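Both complexes below contain subunit A, partnered by subunit B and then by subunit C.
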Partner chain A sequence: MLNSSLKELAAMLAGKQISSVELAGEFLRRIKALNPVYNAFVTLAEEETLKQAQAADEMIAAGRGQPLTGVPVAHKDIFCANGWRTTAGSRMLGNFVAPYDAHVIERFRQAGTVNLGKTNMDEFAMGSSNENSHFGPVKNPWDVRAVPGGSSGGSACAVAARMAPAATGTDTGGSIRQPAALTGISGIKPTYGLVSRYGMVAFASSLDQGGPMAKSAEDLSLLLNVMVGFDPRDSTSLQREAEDYGRDLERPLAGLRIGLPREYFAAGLSTDVERAVQAAIGEYRRLGAQTVEVTLPNTRLSIPVYYVLAPAEASSNLSRYDGVRYGYRAPEYRDLADMYQKSRAQGFGPEVKRRIMIGTYVLSHGYYDAYYLQAQKLRRLIARDFSEAFKHCDVIMGPTSPTTAFNLGEKSSDPVQMYLSDIYTIAVNLAGLPGMSIPAGVGDDGRPVGLQIIGNYFSEAKMLNVAHRYQQATDWHARMPEGAKAGG
Partner chain B sequence: MSLTLEDVRRIAHLARIAVDENEAADYLRQLSGIFSLIEEMQSVDTTGIEPMSHAQDVWLRLREDEVTEPDRHESFQSVAPQVEAGLYLVPKVME
Partner chain C sequence: MQWEVVVGLEVHAQLSTRSKMFSAASTAYGAAPNTQACAVDIALPGVLPVANRGAVERAIKFGLAVGGAINRRSVFARKNYFYPDLPKGYQISQYEIPVVSRGSVVIQVGEREKTIRLTRAHLEEDAGKSLHEDFHGMTGIDLNRAGTPLLEIVSEPEMRGSAEAVAYAKALHSLVRYLDICDGNMQEGSFRCDANVSVRPLGSDQLGTRCEIKNLNSFRFLERAIEFEAARQIAVLEDGGVIRQETRLYDSDKDETRSMRSKEEAHDYRYFPDPDLLPLQISDAWVAEVYATLPELPQAKRERFVAEFGLSAYDAGVLTASREMADYFEAVVKALGGEPKLCANWVMGDLSGILNKEGLAIGESRIGSARLAGLLRRIVDGTISGKIAKEVFEAMWGGVGEADAIIDAKGLRQISDASEIENILDQIIAANPSQVAEYRAGKDKLFGFFVGQAMKATKGKANPAQVNEILKRKLAG
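And now, the complex of A and B:
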């Protein structure tokens, strides 16, 4: 059951071989056994979880079950869920109980899935290692000395350690794909605008996008069917015909053109990751795909551009945390200004404060043109690189991360080193394209390697097809870390 | 470009984040490192390139002028640090 696909779980539920209450109970038991080691979950609400499972069982009994009714799903603690504490990994929201559902949570509720709990994350989704959480770091189930990646590190760990069959994440600069890669699971960041940002705690609004994390591309397709949908409450939500993201899963790959960006296989990529990614590409050739070299010449600029635009948007978004309407308020202060300054100084962690300060500076008088505007112009060049490349290929492939999971503490003292680890994922957010990561082997240290698949706008069904065929031919996605077996 | 301690204090003030002297020195070191990474942008001539603020060409939708939100001030204020008689309380700003 731990390794069952969502489709298999749904069939067991529909066939009454197991009830949703039993299934949720089993995963809650595993969470309680394993979470003290991994710290993947920050909030559990067992009673509420079981109540939702009970309701799902009734839906199934009444013949009103949908494809995922009764399946437990863990949610990144960035999605507001009515009545659930929603912290975004921050002391600032440590006591915030959401008074409403995010659109994503609403969709999962309507689909009859069961909220298994809220997962740990880098504070306000700012980080690549999950070490920036107010609730402590998450451990990588493949090696507890290693980080799980970030910012959706708790969700990635929960799926990898089989504490949840699936989870939600968000991706602003790689926060679904990089932790998926580092923990050996699959994750997809859809085209910007497909998943509503309503009720998703904002980091950088022009880049933030929610998406699913699971064991396989097939599972992702079912989750995406739930998550994607127009929402008038998000001004950037796209109004499109509903589609079945699993419709092309089985399509053969003969004739598929895979673009390999020269810049993704250059200096900085560790040799063991390169070897694994090349082996995966070799497998694609055996499946009938052709490869073509493409170029994304502005790749190296994506990091500086991102670290201007994302902090600029964050400094604006996070100005709402002032200790007045919700969130943390300092216990002592002289006057209003002092209350703002102390509440923010005590409520935010170091990385969040750094980014607010960068953003404040680049938007301040006299610096706007040199930084913010220049970054927006370069963003256009980065997006153009992709449209050029897609004239020659159907999907782009490369590594998700330049190395396998690094050790806890290895990069946490040097923000710049940490930022550089996002080199292959950031440009995708800047362009607004869909991107995914699937497990494709291990490095010299035995830790997982992720293959990144980047598609053109709205080509999620094609990408999932490309990922699924690989997963039919290989078993990397089915492997379970040793430590997770301890959960019984 | 090199930041000074004075810049750090000014930014912290604009961002409304209390920073003491020791922290200011740490921020100076860390932000300088980040800005040296950001400086790489200046090497590219972007004359004539239109800034891209967004991934999709989106514009604000209009909607019918009708009530969409019920009054839920009690539940929204239940998460506020200090409330009295339906009002958010803050320190006095005028004598």
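And now, the complex of A and C:
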């Protein structure tokens, strides 16, 4: 059951081989056994989870079940869920109970899935290792010395350790793909605008995008069918006809043109990751795909551009956490300015403060043109690189991360080194393109390697097809870390 | 030295939408604190703004009415600053590209007209309110107003002195009410002004350093604040001092302005385009649709009243100051079938007088346009005199009934029977031989004495024109 696909779980539920209450109970039991080690979950609400499972069982019994009804799903603690504590990994929101559902949560509720719990994350989704959480770091189930990646590290760990069959994540610069890669699972960040951001605690509005994390591309397609949908409450939500993201899963790959960006196989990429990625590409050739070299010359600019734009937006988005209406307020203060300063100084962690300061600086009078406007121009150039590349290929492939999971503490004192771990993922967010990561082998240290697949706008079904065919031919996605087996 | 006072105004007009600029919460005034603030207004984590189409439509309407350019693409920007009644820590406004650029408003200064050019008009959201009283050293926050849609209308510094500034503010006030985009209620803060005031030697073409006076919520305060501020600046300059650019507050109790913050202390608002909102796109079709709904505007109406009704520019200006008064006036003329000058006199005179006295708007008049026309009809056909009409008007206002019923009940019908008037005059002449003699000896002033006697005898009901005519003939002997 731990390795069952969502489709298999749904079939078991529909066939009454297992009830949703039993299924949720089993995963809750595993979470309680494993979470003390991994720290993947920050909030459980067992009673509420079982109540939702009970409701799902009733839906199924009444013949009103949908494809995922009764399936437990863990949610990144960035999505507001009515009545659930929603912290975004921050002390600032340590006591915040959301009074409403995010659009994503609403969609899952309507689909009849069961909220298994809220997963740990880097504070306000700022980080690549999950070490920036107020609730402590998450451990990588493949090696507890290693980070799970971030910022959706809790969700990645929960799926990898089989504490949840599936989870939600968000991706601003790689926060779904990089932890998926580092924990050996599959994750997809859809085209910007497909998943509503309403109720998703904002980091950088023009880059944030929710997406699913699961064991396989097939699972992702089912989850995406739930998550994607127009939401009039999000002005950047796209109004498009609904599609079945699993419709093309089985399509053969003969004739597929895979673009390999020269810049993604250059200095900085560790040899073991490169070897694994090349092997995966070799597998694709065997499946009938052709490869073509493409170039994304402005890739090298994506990190500086990102670290101007994302902090700029974040500095403003996080201004609402002022201690006035909800969230953390310093216990003692002299006056209004002191209350703001102390509440924010005590409520935010160092990485969040660093980005607020960077963002405030780049938007300041006299610096705006030099930083923010320049970055916006470069952002367009980065997007143009991709549209040029897609004239020659159907999908782009490369490594998701330059290395396998690094050790806890290894990069936490050097922000720039940490930022560089997102070198291959960030440009995708800047361009608004869909990107995904699937497991494709292991490095010299036995830790997973992720293969990144980047598609053109709205080509999620194609990307999932490409990923699924690979997963039919290989078993990297089906491998379970030793530690997960300890959960019984 | 002679000084010239230069004023530019920034007017915040609250748009009359039912819901807020970026949320679905109600904008109704006067609700219990924080009962009209939804998740978006209080800036809960994860909430997002959605622009109110009705507010955009009102902005388009305004832009068309002032002949401005409706920018087909404008951009919402965030103005970042911390304040407890600003829940997001930023205000969503428009910065580099506003919804309306340029345009102009014609103002009347006495009988003279002057065109004031506008720089821009942009959409933004209001902040909430901080309440410093009744909280024992703490501050109460009411977010009902947070997110209310505003149109900020910025003029060029083209007003010279407080009178022009007030005339401009009144013209704008009238315009937004004509357009029905703002209720214009200044007490409730639906229409408030910031004045940029500077002075310069008369004849200079350089602008002096300006000070901005914030939040003037009556025409009188606007006038007083500008006058105080101009006098202050002149005194400083004549003393050899310099004006510091700063933001000042007008204290209506002390009738003075005082410094709030200097230019150096001004916030760096760190404006940048709001990534939660796409640029505001306005199609030609939408503009055309709004254009079709534009009412006749004050200036056009004023000109038409002069041309069509033969009114003076002044009367036309008074009658068109509000759309309601203009409509009332036109309805009276229509019901009466003419006599626009008589109608204008009554609307501007007795009716406005009593409305002002009782603090009522014309829409709340106890005498509707048809009933007033009923009264005026009796003046026109000679049933009553103008003087008696005032008495009837008062009775109508008091709720006694219609003009005709009152005239009949009180026996106010004018005496227009020539023989009856002759009889009365004969008696008066007979009873006052010495006055007749004096009059005939050249003391013309005594004519009024005889008229007075005639009116007294008839309780004012004698037709004055007939009395004059017959009396003249009889006294001529």
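Definition applied: the second predicted complex is superposed on the first by the 488 of 488 C-alpha atoms of A that agree within 3 Å, B and C clash if a C-alpha of one lies under 4 Å from a C-alpha of the other, contacts with A are read in each partner's own complex, and residues count from 1 in each chain.
Rule of thumb we're sticking to: a contact is a pair of C-beta atoms (placed from the backbone, for glycine too) under 8 Å apart; a residue touches a chain by one contact, two chains touch by 3 or more.
These numbers were taken from a predicted model, which means no experiment stands behind them.
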Could you say whether A:Glu332 touches subunit B, subunit C, both of them, or neither, answering first, second, both or neither? neither
Looking at the overlay, does A:Ala383 come into contact with subunit B only (first), subunit C only (second), both, or neither? first
Scan A:Glu241 for contacts with subunit B and subunit C and give back first, second, both or neither. neither
State whether A:Thr360 touches subunit B only (first), subunit C only (second), both chains, or neither. both
Go through the superposed model and pick first if A:Glu313 touches only subunit B, second if only subunit C, both, or neither. second
Applying the touch criterion given at the start, work out whether A:Glu47 contacts subunit B, subunit C, both or neither, answering first, second, both or neither. neither
Scan A:Tyr340 for contacts with subunit B and subunit C and give back first, second, both or neither. both
Touching A:Asp322, do we find subunit B (first), subunit C (second), both, or neither? both
A:Val305 in the overlay: touching subunit B, subunit C, both, or neither? Say first, second, both or neither. first
Just which bits of subunit A does subunit B share with subunit C as contact spots? 96, 99, 206, 232, 235-236, 315, 319, 322, 324-326, 336, 340, 360, 364
Per the touch rule, the subunit C residues reaching subunit A in their complex are 39, 42-51, 78, 80, 82, 84, 87-90, 139, 141, 268, 270-272, 275-278
Sort out for me which residues of subunit A touch subunit B in the complex. 95-97, 99, 192-193, 206-207, 232, 235-236, 238, 300-301, 303-305, 307-308, 315, 319, 322-329, 333-342, 344-345, 348, 353-354, 356-358, 360-362, 364, 370-371, 373-381, 383, 414-416, 419, 430-433
Which positions of subunit B touch subunit A when the two form their complex? 7-8, 11-12, 14-19, 27, 30-31, 33-35, 37-42, 44, 46, 49-56, 58, 60-61, 63, 72, 75-82, 88, 90-93
Would you tell me which residues of subunit A are touching subunit C in their complex? 79-80, 86, 88, 93, 96, 98-100, 102, 197-202, 204-206, 232-236, 312-313, 315-316, 318-320, 322, 324-326, 336, 340, 360, 363-365, 368, 372
